[in-house]
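Two complexes follow with chain A in common, the first pairing it with chain B and the second with chain C.
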Partner chain A sequence: MLSKEEVMHVAHLARIEIDEEELEKYQRDLKILFDEIDKIKDLDDFDEDRMFSPCENAFDLDRRNVEVDKDNLLLNVPKKKGNFIEVPVMINE
Partner chain B sequence: MDYKITVGIEVHCELKTKEKIFSPSLSCYGSMANTNINVIDLGYPGTLPLLNKEVLEYAIRACKVLNLNITHDMHFDRKNYFYADNPKNFQITQNETPIGRDGYVEIDVDGVKKKIEILEMHIEEDTSKSVHGEKSSLLDFNRAGVPLIEIVTKPCINSSVEAVKYLEKLRELLLYANVSDCKIEEGSMRCEPNVSISKTEKFGTKVEVKNIGSISNVGEAIEYEVARQKEILEKGEVLKEQTRRFDDKTKTTILMRVKETGNDYRYFPEPDIPFVHLTDEFIEKSLHDLPRMPDDRRNDYEKAGILPINIEKIIANKALSDYLERFLDINLVIASNLLLGDISAYLNKNNISISDTKLTDDKFRDLVNKLDKKEISNKIFKDILNDIMETDKNINTILDDKGLNLINDDSLIDTLIDKVLSDNSDIVNQYKSGNERSAKALMGLLMKEGKGKINPSSANQKLMEKLNS
Partner chain C sequence: MSNYINLSIKEIHVLLKEKKITPIDLVNECIKKIESSDLNAFITLDKEGALKQAEELSKMEVSDDLLFGIPIAIKDNIMVNGLRCTCASRMLDNFTAIYDAGCIDLIKKHGMIIIGKTNMDEFAMGSTSETSYYGAPKNPWNKDKVTGGSSGGSAASVSAGLVPMALGSDTGGSIRQPSSFTGIVGMKPTYGRVSRYGLVAFASSLDQIGPMTRNVYENALLLNAISKLDRRDMTSFDTNEDFTRKIDKPLENFKVAIPNYFVSDIVDSEVKNKILEIKKLLEDNNVKVDFIDIKHIDKTVTLYQIIAMGEASSNLARFDGVRYGFSYPNPTSLDDLYSKTRKFGFGNEVKRRIMVGSYLLSGENAKTYYNKALEIRDDLQKNFLKVFDNYNLIIGPTTARCAYDLGDKGDDPLKSFMDDVLVMHANMGGFPSLSMPVGFNSEHLPIGLQIIGNLRDEATIYGLASFIEKNIKEDFSEVRNGL
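What follows is the complex of A and B.
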């Protein structure tokens, strides 16, 4: 079981609110999940260099095909002020 | 015992690549808000980042000039956080495999050299720019995805003077490597020092200062922080780990936020960007057109005999120094005097640059050589400056057209000297009776007689020979 504080910390990082009932459920569920992840550490001679990607040096890829239809880009923006995107005031800066 | 000051500095520099790091949007400053954007910059679900090769080339150049060891096998990491400036909720950066490690920048403080050690340099994407109002914040995504390098020093800086010297040198190196514009006022270079003081070997409590608008203000911010921290410690109070911002008007630092338990960014390797293997060949190619660094140029200027004050004037003006790079084989003292003096005065007056004028490389070379060989005098140069800058004619044609070719004909000079001597026998007598200053008066009359067109040094030599014979 994870501690209540650990679950609350994970919830905070994900910016979700959970009630008491969910808290207990996640104490159990997250434990199972974390145990699975921990299994990686039990691998023989595990080291991070083993991490690989299916291909290397993909920086020659053609970057031209990316959608740049500017008219549609900002259609999902809830609020605009002139050309700026307006959001609730950010105090943490 | 006094407090020991310890400073480490993080610097973010925007790379001046044409396009953004993970999208083909233009990466430029000063456009209308939210015009250089696309689905990748806005973090639309399902979009994939495409790494810009140019970013790697620029970062490799930065590594080279900062003496960093290049990491050949590297990848990008996700730094997860929730903040409106970045709707993906993560920033793509390098946490585990920064492209450069263990470098240094050498500074000179009052003749004492010191290596400021650089812990690492990594590549990351910039976030959108936010403007904060009373009731809302405004976001401009033109900046989102602009490539950055972050350069982190070890805590090895021990005074505000060292910090300022380091930043000036760093700026100069990145500027000359053509890696970044390094314009602090436009945000393409951002400096964040962290400052602590301690009376023991152990480091004191670290305070980070953000939002500093100039290199000299970094010095002032450090001075202020040291004084503030001393006062708190002297009162027997405990310092808190904080982030503060510099206020330009009051020259003080103001609390931004108290760091809680440290950030939990949950870094993990970016799965959408394949790992990067930098081959020796790729690195070599990236460094192929690296311009000469300022210290090499300073050496050449010094050897050529340019005055130290002028050397620094040239280095401070990269365009000027780059221009001089094409003329290292001619008299650099004359060349630099022209460029810093009459030519720059001409350019400033007309608000143009050399490329806007008719001054070709050949013409400049010819001009300097003619002045060097005293084939034209300074006076004549001033007379023909406008023609040099504004017509396609070469120097000889200009001189011919104006009848200004310097007289080098010995017999003609002799005739002129004889005339001056016979017309002014009273002054000649003054000279002969011991008034040496009379020779100068005669020389002046000779130049006047020659209408400024005779070669002054050979004429003077001949005049003195005749006077003393």
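What follows is the complex of A and C.
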């Protein structure tokens, strides 16, 4: 089991709120996953080249190649006022 | 009800050409079959759009393109302009795509008709499609069994003959594993072969779109259609070849490798025996088959977890309740909006993976886990490449066992990874890999054979697959007429 504090730390990193009643389940489930990924610490005998992507041409020039109009961009916005996206107040008055 | 959909694509094409049927007949048949099916294979059915397109195509001259007028189902993580794209998540329940994915551009150019969007595991995370917000699809061979996942809806719809073809996506087996469980042909192409533009990202260095069909030839035909260099995906490469060119050609000086790990104790004996039968079939036809060892082949679950969860946590950071998707009403602060939107918008499997991924990439952990995984991944790819110096292809089972009961997996955090233990290598190395049905177990559930090829060598896979397809006795079409 992970400690409650460890689970809360990981949940904060992921910006996912967890209820008190869910804590125990995550303490157990995340421990199972962490034990599996920790097996990588025992692995050795490999080259030190890293593979970020299986393809050779993973770097390309930045270019504008997508045309989407303003109305479409705003189509799926949950809360908007006119052409603005509405978010909670971030700065105290 | 008419039964044109069960004919081969070539036969349908002849009927269209001779004006004995029109695309409208095909669309009406698909819609009827989908509406009367209880497989829960679709999340969105686009009756109106499909019929409208069919009417337009019916006014046109039927081209020589075999895919003209053919209906197709699309996994619900691929954008089709104007249609809902949910990724089977509450998070995107009300999300409408505002552009077409790269492969959808091509599907439309070929005159194919998009019938709807198929059910899947939430954000493609899972191996049974049971993590779908819309409930699990059912396996046409036995409705108490899972379809596999994550492309479970696409697999069920092709297997049951609701549509002749479908697209899926494969990050760690999500095309091939459900293809194996439902007795169809599914290909994960070489990484970069099909544009990922418009595919909702899960693990960007592993994701690949691919065709799911009833037979090998039609699979190659659909891959022909969706492969093209796309500047909007920087991993897309120039691709202009006919993947059907080695189909039904003799297998000359052919050498195939079976990794010992693929027939080890982790594999169910019925599945293993079927693979050994295929080995014998090949040897009887002058194909040399050797058992080999590949270093690190048994370490992929650990590697996959680190790379896939790390990349997923980064990709899914975009779901914040601000620009699109589910948004928690009346938050007290911006942080409250983020964490409550993600709490209620994502399901358990997705939340677990994002949490572990966030931890893996935080601070020094990135070195301990992610960077080291990339180093071993590089090694694993080199080890596979060395095999291809001496062998044309690698074969083995797609899955260690056949489809199991719905509900069996429960909420087990490891099970979905273990289900894909034989198929993740291809994603790690970028290799093309196909699953095809080769037999049944004692419960009359399909067994899948996996064929892995060298980078960019899909054509050779199709060559061997077509040979095996011709030489096996079993018929995998029986569920297309409803069991």
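As a convention for this text, the second predicted complex is superposed on the first by the 64 of 93 C-alpha atoms of A that agree within 3 Å, B and C clash if a C-alpha of one lies under 4 Å from a C-alpha of the other, contacts with A are read in each partner's own complex, and residues count from 1 in each chain.
Throughout what follows, a contact is a pair of C-beta atoms (placed from the backbone, for glycine too) under 8 Å apart; a residue touches a chain by one contact, two chains touch by 3 or more.
All values reported here derive from a predicted model rather than from experimental measurement.
Peer 1: Counting only touches as set out at the top, which of chain B and chain C does A:1 meet: first, second, both, neither?
Peer 2: After superposing on A, A:1 lies clear of both chain B and chain C.
Peer 1: Just checking: does A:41 make contact with chain B only, chain C only, both, or neither of them? Give me first, second, both or neither.
Peer 2: Second partner only, chain C.
Peer 1: I'd like to know which partner A:17 touches here: chain B for first, chain C for second, both or neither.
Peer 2: Second partner only.
Peer 1: Of the partners chain B and chain C, which touch A:30 in the superposed model: first, second, both, neither?
Peer 2: The answer is second: A:30 touches chain C but not chain B.
Peer 1: Please tell me which partner, chain B or chain C, touches more residues of chain A.
Peer 2: When the residues of chain A touched by each partner are counted, C comes out ahead.
Peer 1: Is A:84 touching the first partner chain B, the second partner chain C, both, or neither of them?
Peer 2: First partner only, chain B.
Peer 1: Go through the superposed model and pick first if A:75 touches only chain B, second if only chain C, both, or neither.
Peer 2: Only chain C; A:75 stays clear of chain B.
Peer 1: Counting contacts the way the document defines them, which residues of chain A are shared by the two interfaces, the one with chain B and the one with chain C?
Peer 2: Chain A residues touching both partners: 13, 15, 48, 51-60, 63, 66, 68, 73, 79, 85, 87-90.
Peer 1: Under the stated contact criterion, what part of chain C meets chain A in this complex?
Peer 2: My answer: residues 94-96, 98-99, 191-192, 204-205, 231-232, 234-235, 237, 296, 299, 301-303, 305-306, 309, 313, 317, 320-327, 331-340, 342-343, 346, 351-352, 354-360, 362, 368-369, 371-379, 381-382, 411, 413-414, 417, 428-430, 455.
Peer 1: Flag every residue of chain A that touches chain C in the complex, lowest number first.
Peer 2: Residues 10-11, 13-18, 26, 29-30, 32-34, 36-37, 39-41, 43, 46-60, 63, 65-66, 68, 72-73, 75-79, 85, 87-90 of chain A touch chain C in their complex.
Peer 1: For the complex, give me every residue of chain B touching chain A.
Peer 2: Going by the criterion above, the answer is residues 19, 23-25, 32-35, 37-40, 42, 47, 50-53, 56, 75, 80, 82-85, 96, 130-141, 256-257, 264, 266, 269, 273-277.
Peer 1: For a test of understanding, state which residues of chain A touch chain B in their complex under the given definition.
Peer 2: 9, 13, 15, 48, 51-61, 63-64, 66-68, 70, 73-74, 79, 81-90, 92-93
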